[in-house]
Amino acid sequence: MEWDWNFVWEIMPTLLQGLKITLLATVLGAAVATVIGLVFAILRMTAPKPIARATGFVVEFIRGTPLLVQLYFIFYVLPDIGIRLPALLAGVIGLGLHYGTYAAEVYRAGIENVPRGQWEAAKATNLTGRQTWIHVVLPQAIPPMIPALANYLIAMFKETPLLSAITVLELMNQAKSVANSSYRYIEPMTLVGVFFLIMSLISVVFLRWLEERYARVEER
Amino acid sequence: MAAPIIRIDNIVKRYGPLTVLDGLSMEVLPGEKLALIGPSGSGKTTILRILMTLETISDGHIEVDGDQLYHMPKNGGLVPADDRHLHRMREKIGMVFQHFNLFPHKCVLDNVTLAPMLTKGVAKAAAEKRAMELLDMVGLADKAKNMPAQLSGGQKQRVAIARALALSPKIMLFDEVTSALDPELVEEVLNVMRKLASETDMTMLLVTHEMGFAHDFADRILFFDRGRIVEEGKPDEIFRNPRQERTQTFLRKIIAAGHRV
Amino acid sequence: MAAPIIRIDNIVKRYGPLTVLDGLSMEVLPGEKLALIGPSGSGKTTILRILMTLETISDGHIEVDGDQLYHMPKNGGLVPADDRHLHRMREKIGMVFQHFNLFPHKCVLDNVTLAPMLTKGVAKAAAEKRAMELLDMVGLADKAKNMPAQLSGGQKQRVAIARALALSPKIMLFDEVTSALDPELVEEVLNVMRKLASETDMTMLLVTHEMGFAHDFADRILFFDRGRIVEEGKPDEIFRNPRQERTQTFLRKIIAAGHRV
Amino acid sequence: MEHTMTDWSGYIGLILQGALVTLQLTVMGSALALVMAFVAGLGRVSRFIAVRALATTYIEFFRGTSIFVQLFWVYFVLPFAGVTLSPLQAGVLALGLNVGAYGAEVVRGAVKAIGREQREACIALNLTRGQAMRHVILPQALPLMLPTFCNNAIELLKGTAVVSLISLTDMTFQAQVVRAQTGNTLIPFATILVLYFLMALAISTAMRWLERRVTRGLDGVRT
Amino acid sequence: DDGKLEELKGQGFARVAIANEPPFTAVAADGKVSGAAPDVAREVFKRLGVGDIVASISEYGAMIPGLQAGRHDVITAGLFMKPERCAAVAYSEPILCDAEAFALKKGNPLGLKSYKDIADNPDAKIGAPGGGTEEKLALEAGVPRDRVIVVPDGQSGLKMLQDGRIDVYSLPVLSINDLVSKANDPNIEVVAPVEGAPVYCDGAAFRKGDEALRDAFDVELAKLKESGEFAKIIEPYGFSAAAAMSTTREKLCAAQ
């Protein structure tokens, strides 16, 4: 099989269409993960014991099982109990839930990394619990989290091909569809690899920048 | 003689199996300057942290300025204090830590104004005016807009003192406030504390390994060992004629290590 | 008079735009005990680190025991030293750090025997015998099987000294070896160093803020400021009659902070 | 659905066969990943620029392109270059190389985290770089790596689900087969969810045990 | 030359790609692979002197690349012959023939009888396997891409139909019948055959270059057809032997 540049230009628009959906799913998934992660983290750290433990179990369960199977579940099993989500929405929820469990760990680590002395200084200056969170802990906890969260954003981006299992026409699915109807596989699949590599190299630069920007908070 | 401002009655502090304070009692008079000295691990920090309500106590009672610290009256009896009670009691007490614990994301001025504005509802302008006075007092008025990371250790600690003073507590607790500092920077902090001791009638409790400073600063010295007060008295008594053997050994070692008394 | 064992010739050390050592020259005689004192940031640590080849130098030459440290002869000229040359030169020098830097995953005995066994191929039994002698010398023979985490700071530092001695270097460098210790523990380390100074003819360079100890320990004191040697002389001269204004101010501050001279 | 007497015990047996394949992939993939993690991770901190560049290229390439594309290449494109691997080999290779790239960063991070002070102590004791790495740095870095390695192993376990792309009869694939044959979605998928979770649990339990072993004696050093 | 056949004889088995789609393929609870396509392949190979087949289930999309990459020796999966495919692989003579069918909601609310009907109804969404014949037929009839949903497998397609995510699910008649009978859902009905859609036949697909093996296969296949064995194998699964025997590769590959 030989590489055919004409074919490459022919399929480019279709693949770019797929890339658009991939990016959309990533952005929406990230938004869901950010919020759900915070909910998980707060439940685990502050809720009454039984709820905290139950949340812990759910988080561990989601983290321990493949996203692919979870997507099947959301898309094909949930309708049995009357929840019928459009494919993209189901995908976004799946991604969000799965990566939310990772985000929760980042939040927890970020908050635990605020030195105990800061909590104590807040107490010694008689701040209330709420004031301590808002004025002392979160402003210090969030910036160092940002690179780690961005890391998961990139990981999520690379897992979007799973959405093809639930009929979302993202990049990988478009490529497969193109390949199937033309019986040429190497070009579309290689292009997908190249797209991923380009996006990921861009994001590496972006990450370095984030890390530098936010790692300096302490020394400022 | 005035009534004690702090009355510690038979308190016990345990960490798991380890008993750190074992039925400790002591009293502090209003305006008194007290130095707590003793070997490492003897419980000096613990007693300050308990007074600042950073720990809980396993047993006993503490009265601060006429009110119970860890308890509050209810239906004629005493019950464990709730958050509101603790919050009210903490108004009377301020603390300066060994590692400063400044808020690194806020400038010097904001470090000092944050608590008055949030806990006492002081207006921003008033809080900043008072903060500038205090920063001036500790010699750092020109650093008001700096971030803590831009300061030397000694400067940080002076800001921390100003921050604690901004709430005008009746009692100030100092836990080894110079021991994380380069030797050259120790003096600037001690100077601020000398000024504070001579110019205000605040009650002060000081934990230190600077025997010379303890001697000059304190009205009374408490020597701790293994969670108990082994010996107490005026500085001259303790340093020149310690009665207890434990105190003698401790002081001998400290002196041999090159500290002036 | 014997030839110098260390000859530092006009070295320059820069960190980016910052020049830390600016054309420093000095000589050390075999067996000499030298104390380096001076304010924070003056370059004391830097010079020790350079001698230990933990840094590179920006310019200048250093001769140790007759050989160039950072250069080696090649084709009649001098070229930058390669790893093998540095490896050979490091045999002559040992260093003890402020934070001990023991290997936390190895027991005390293994900490001491590791380097002799690996770098000199000493047999295990012989290395252990020598290690036990050294541990005995620093008073820790009974802790040989303990892990570093189970030791106090003073004990850790004594192990670190034994570890450095195990390689029998001609020159020992000590960088503020007591300043990370609780005051009570300082003395046990200084005692070991006193013994070392009096019993061996090793050349020793000591950076310290313990003026009293520097006075007793050193044959000669170098006072550093901003990367230069401002003043040098016998301990009594420096401490009793410092000629330079900078030295006087420094010593005054240190003394005010409660250190004995 | 009740009209056929579905032989569930038989179909669950099929899923268990798939579980065995998943297990094989996980174990062998982890082994390869571990080797690659150390090779590339130490390569990243090498003082030779060529070695560093090689390691960096490997890491960025495998972290950058998606595992799907990598599997596709290993399975469908590599044969054109004359390398034909069995599905299991292809799966192990792709997963191992992919996860190894992530592991390499863990190794590098842990080695770096064993701070300057320990390195300097090694120089002062005149150890060579190799000796320092082997006797001082790695033994301390290992406990730091383990928790992340545990996560990576679980990621790899989950990644095995995508090998159904290359017709490897892993657990997810078998569940699909059972689903097609029985017309039932819930039972096969619920079964494999539980199985995956149990395997993940086994990995983290084993890692915790290992962690306790390698950190013995270090207690109280790292705060 | 017969190198490939000798090679298969030597190793004693042929590697066959099959689909996860009854009744073309069936997997028993004990894991044994049967179904019309593998059964025929097994029998022909046996006669060729290749003792057994090793069947591996594959996605439709992965079959041809797998064949090209030498992962399988042959595909027997209901991969219908079409001119473009004939260009990509070397087909045997026809084996399994089937028309296209629709599964849709009881009463066919949108009145869909052909791919053209779907194209004309802007609300109608069709599900079909990615890269399959049905997807292509729908696209060729003018159904826009965003109304042709690529469905990973039969059960998923049926489920999506039941859940109202698609209005039509299109597969060969026998596949649809098998799916619908397994689902036993009174709300689903079948339209078969689809109007205007041709009858398609699959063949065993070999790699380009393995024509010798393909020819040998054809010889034994023809004998099998003649003896009546062929009908015995495929008719229990619902396929018509007569249909396969009434057409040829040449016709099917030329058809447009």
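Miscellaneous remarks
By written order: A, B, C, D and E. Residues from 1 in each chain.
Here is the rule we go by: a residue touches a chain if its C-beta (ideal position, glycine included) is under 8 Å from a C-beta of that chain, and two chains touch if they have at least 3 such contacts.
Owing to the predicted nature of the structure, the values given are computational and were not obtained by experimental measurement.
The minimal number of chain-to-chain contact steps leading from chain B to chain E is 2. By the document's definition of touch, chain C and chain D have no common neighbour. Shared contact partners of chain A and chain E, listed by label: D. Note: Cα superposition of chain B onto chain C, rotation of 180 degrees, nearest 5. Centroid analysis (C-alpha atoms only) places E farthest from chain B. Centre to centre, using the average C-alpha position, chain A and chain C are separated by 52 Å. Averaged C-alpha coordinates give centres for chain A and chain B that are 47 Å from one another. Separating the centre of chain A from that of chain D, both taken as means of CA atoms, is a distance of 20 Å. Each of residues 76-77, 80, 185 in chain D touches at least two other chains.
In chain A, the residues that touch at least two other chains are 1, 76, 185. Contact between chains, using the touch rule, shows up for A-B, A-D, A-E, B-C, C-D, D-E. Against chain D, the residues of chain E that register as touching in their complex are 17, 20-22, 26-31, 56-59, 62, 65-66, 68-71, 153-155, 158-159, 179, 182-184. Partner chain A is touched in their complex by these residues of chain B: 52-54, 83, 87, 90-91, 93-95, 97, 99, 101-105, 114-115, 118-119, 147, 149, 163-164, 167.
Taken together, the chain A residues at the contact with chain B in this complex read 115, 117-118, 120-121, 123-129, 131, 135-136, 139-140, 217-220. Across the complex, chain C is touched by residues 117-118, 120-121, 123-128, 131, 135-136, 139-140, 217-222 of chain D.
The touching residues of chain C, counted against chain B in their complex, run 39-40, 178, 182-184, 186-187, 190, 209-213, 250, 253-260.
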